[in-house]
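Chains: A, B, C and D, in written order; residue numbering restarts at 1 for each.
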Amino acid sequence: MRVLEAEAAVAEYYTPGSTLGVGGMQLAAAPMTLVWEVVRRRIPVGRLVTSPSASIQADLLIAAGLVSEILSPYVGFEYLGLAPAYRRAVESGDLRVLEIDEGSLTHALWAGGGGIPFVPAPPGLDLTDIPEVDPEMFRRVTDPFTGEERWAVASLRPDTVFLACAVADEAGNVAFDRFPYTDRLMALAARRVVVQVEELVPAGALSDRAPGATLPAFLVDAVVLAPGGCRPTGFPGRYAPDDEALGAYLAAARDPERLAGYLAEHGGGGER
Amino acid sequence: MRVLEAEAAVAEYYTPGSTLGVGGMQLAAAPMTLVWEVVRRRIPVGRLVTSPSASIQADLLIAAGLVSEILSPYVGFEYLGLAPAYRRAVESGDLRVLEIDEGSLTHALWAGGGGIPFVPAPPGLDLTDIPEVDPEMFRRVTDPFTGEERWAVASLRPDTVFLACAVADEAGNVAFDRFPYTDRLMALAARRVVVQVEELVPAGALSDRAPGATLPAFLVDAVVLAPGGCRPTGFPGRYAPDDEALGAYLAAARDPERLAGYLAEHGGGGER
Amino acid sequence: MSEWSITELMAVVMAREFRDGEIVVMGAVPALPMAACRLARATHAPRLEFIVGGSGTVSPEPPSLPLGSCGGDLAPAATTLPLPDVVLLEGRGDAFDVFCAGGLQIDAHGNCNLICVGSWDRPKLRGPGTVGLPFLPNTRRSILYTQSHSPRTLVERVDFVSGPGHPAGPDEARPYRKEGPSLVVTPLATFDFSSEGRMRIRTVHPGVRHDEVLAATGFEPAPGPEPGETPPPTDEELAILRSFDPAGILRR
Amino acid sequence: MSEWSITELMAVVMAREFRDGEIVVMGAVPALPMAACRLARATHAPRLEFIVGGSGTVSPEPPSLPLGSCGGDLAPAATTLPLPDVVLLEGRGDAFDVFCAGGLQIDAHGNCNLICVGSWDRPKLRGPGTVGLPFLPNTRRSILYTQSHSPRTLVERVDFVSGPGHPAGPDEARPYRKEGPSLVVTPLATFDFSSEGRMRIRTVHPGVRHDEVLAATGFEPAPGPEPGETPPPTDEELAILRSFDPAGILRR
């Protein structure tokens, strides 16, 4: 593990065009410092994988025209409404969607973390139209114990994931403070992990954290110090979502003519 | 959730002859208060499922002649040697063994917690002799994405599990202090969960614990207050394994003539 | 009788529907179902527990209702589950009792759709995605709600099933033999389901006419008992509701 | 030169084998591999990390070597993984570099057996069970060790494969194209493996004769270079080793 600037971390650990996983749930803990770095340098994203509920970390990459296809159970802005760029890109046919639900995504990441090639779906999915429209992620499998046919979801290993965590110690261990969401699981499934953190602490300072609340340094490739770097989303226990700044993004993203100005203005330098 | 005496908790939440899961890893956190209750009342155990590495919590039930079959990746006493009753019962053919490894057991419990009927095995198991001797837990499945055949392990839902946790609050939430082992996962897979704890604290006192370090009350059927109740195994952070007491058990368990006396002496009353 | 907002009425209706001891799960924008759960806990269902969205918090009691489902204002709670465990348990089928959900479209059989209006490959409207709605049939029952009661929202058949409701017709077994959707709450009315799994008007909210409900509904409800008026919030219910909604989220 | 125990020698041999930056996993009775890891960290491999058994602790540095692998004396560590995550990652195939393991039997191709001696259904000796040994081929390589070097322990072919080694014969691909077992350490000698995956004597410990090793080995080792003497612990190695073994666990 190394402590790097965002530019170096993204350049070194994300291969343009490969599968990128982005952490953060709803309007919390989006790794915006790292995402802005991708936008600023206009790095193409082959496939974007999100947590079960992404917001601006996905919509911004789509707005910038960088994403070829997306695997996500939800892109939206929760109480602030739909995701403008995502909506427009899907409705126009510019963005390929790999339809998936929260359960299948979570289990696919679990399987990816364990060398497990696929997971049979629990009840529920079979009553939806989802697996029929996504033959890349869903196939029929025969349960060898009962002979029954059911849906299976393929396992998932993002080439790189970007996460926002609370703290890293100087040895590169990271801790999640309150909610690990599926971010921690995404790190287990990833081939490379880049974590932006709010704070750096001395080595050993995380030794009192519970096992499920940390990631050991050997699962983390690079740490980027980025206090406030999840804005305009919030970071639980540190800052709330900035609804005004989110609104400014939404207004720009709804209007392609204003979008270029927004990207130029906000992408010019350090994180917002 | 209810706080009960061991006798009532076992009587109410363990159906004789059903599948019993016992937590604790190696010589730590064995739920001996609850196990002794089964021994004392001579309750037959249809199938005993253990954590990846059990010791006296399994061997004692076998020594008492209560177990029909066992699903366990390891029964032994770590640095103190083999498990005498387990060894004797398997070598004599008195105990049916469902052979399984740590990975398959862990994944089978995960699947049991999620309504997932089976899990394809990661690489490694296919190069062992294990799945061939356990057709109840292992079958060949065809990967619908690659067409390859591989082993699958059936999911597992113990009817009841007995765990030892550090603390319960008065609302019935429990916390694991240091190591959750696979005990926490076993609780997710179980139909009924009985937890013995070292300590009771007021409601709300666990609100600062990390998400992965607790179980909410609605996943716990009964809590039994049993300080020191893991002895002669240890409880991390509270007491170490009692090697002398473990030695006394091992000596008795190796000699069927001394065993009856040991069970009578130690099974007479409260926990040891 | 105090004045109350439609959203407050909806929260009260949902609260009355919960039974003591039930475990409730909810997703994004949790203020309404969370208010309902807290009201139920404060009145007839003290042992009800609820899990709030991606936070995994169990029955949090923040000083004010949260707008979002994953924020720091949901902590601390008495306990919190890691999100992957919540997701896992949603598949188990016997861990949770009630799923509170909605959709861009809800149809006559209680199917929900958060994916798209129009065809999937070239949608007229792309929704955010289905999140956890495929697990709807895995809780013992579900309670559906929408802030928009219109023929576009309440439709005969959803364009895409992303959250399964009752199977159409009397002959098919209900999925997994659970209860399925038991109640739909809108700004105009409440609905339950016929024995054939088709939505029917249960009550009409105070001040709303029956024909207004029909005109706003994009399908013909199943015949049923004469709908009464939705009992309005009592002063006590309203006082309790507002005690944890000092910011008036439910009155916006 | 100080006096040293055979177990101390074994720890030193294993320590020298680790490379900087490797991630090592170990199971029950971890004192020996843990001592080796700590010695490696203190000398040539400061960035090596090791995970201790069911505790999931990462590179703990307790004041004294632990007897068990799950006890409270392993905490605190800089971080700890929940056991299900360690198990998961063992299947991933690229998370861990070295698996330290042993068995009731270890055979000429490095297969391990913790299940039974004799037939599986009616064993002469029932072992404890295989725990995590099926994952042996999933780490980049493995280091095997046993405290008992006898024809009953080191056998031509294990009675039951519970931890896979190299495939027999030159024609089969090695499992998953990883390195497989790279070293076997016993109280008498060290072994490595021929290009055909068969064990061969690498070094003989000081004071042990070559024919003693052969007599204690239940199979004919593959021919190889003339085995040298295992270099004994240096004073520095011994001093470091004993600094975290004040109770002398390795000298018992």
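Observations
Keep in mind that, in the parts below, contacts are C-beta pairs under 8 Å (C-beta built on N, C-alpha and C of every residue); 3 or more make two chains touch, one makes a residue touch a chain.
As the structure is a prediction and not an experimental result, all values here were calculated from the model.
Counting only chains that touch, the fewest steps needed to get from chain C to chain D is 2. Here B-C and B-D are compared, and the pair linked by more C-beta contacts is B-D. Chain D has its Cα centroid 39 Å from the Cα centroid of chain A.
Remark: chain A and chain C have CA centroids separated by 28 Å (rounded to whole angstrom). Annotation for chain A: residues touching 2 or more other chains are 107, 110, 114-116, 122-123, 179-180, 209-212. Within chain D, contacts with two or more other chains are made by residues 56, 80, 82, 87-88, 91-93, 138. Listed by label, the pairs of touching chains are A-B, A-C, A-D, B-C, B-D. Within the complex, the chain D residues that touch chain A are 23, 49, 56, 58, 76-82, 85, 87-89, 91-95, 138. Interface residues of chain C facing chain A in the complex, by the touch rule stated above, are 28-29, 31, 53-56, 67-75, 80, 82-84, 87-88, 90-93, 114-115, 120-138, 160-164, 175-176. Across the interface of their complex, chain D is touched by residues 25-29, 51-53, 72-76, 78-79, 82-83, 86-87, 90-91, 93, 99, 101-104, 106-107, 110, 122-125, 127-130, 133, 178-182, 184-185, 212, 234-238, 240-241 of chain B. Remark: chain B residues 107, 110, 114-123, 139-146, 148, 150, 152, 154, 176, 179-180, 209-213 touch chain A in the complex. Residues 110, 112-116, 169, 171, 173, 188, 191, 203-204, 206-212, 214-219 of chain B are the ones touching chain C in the complex.
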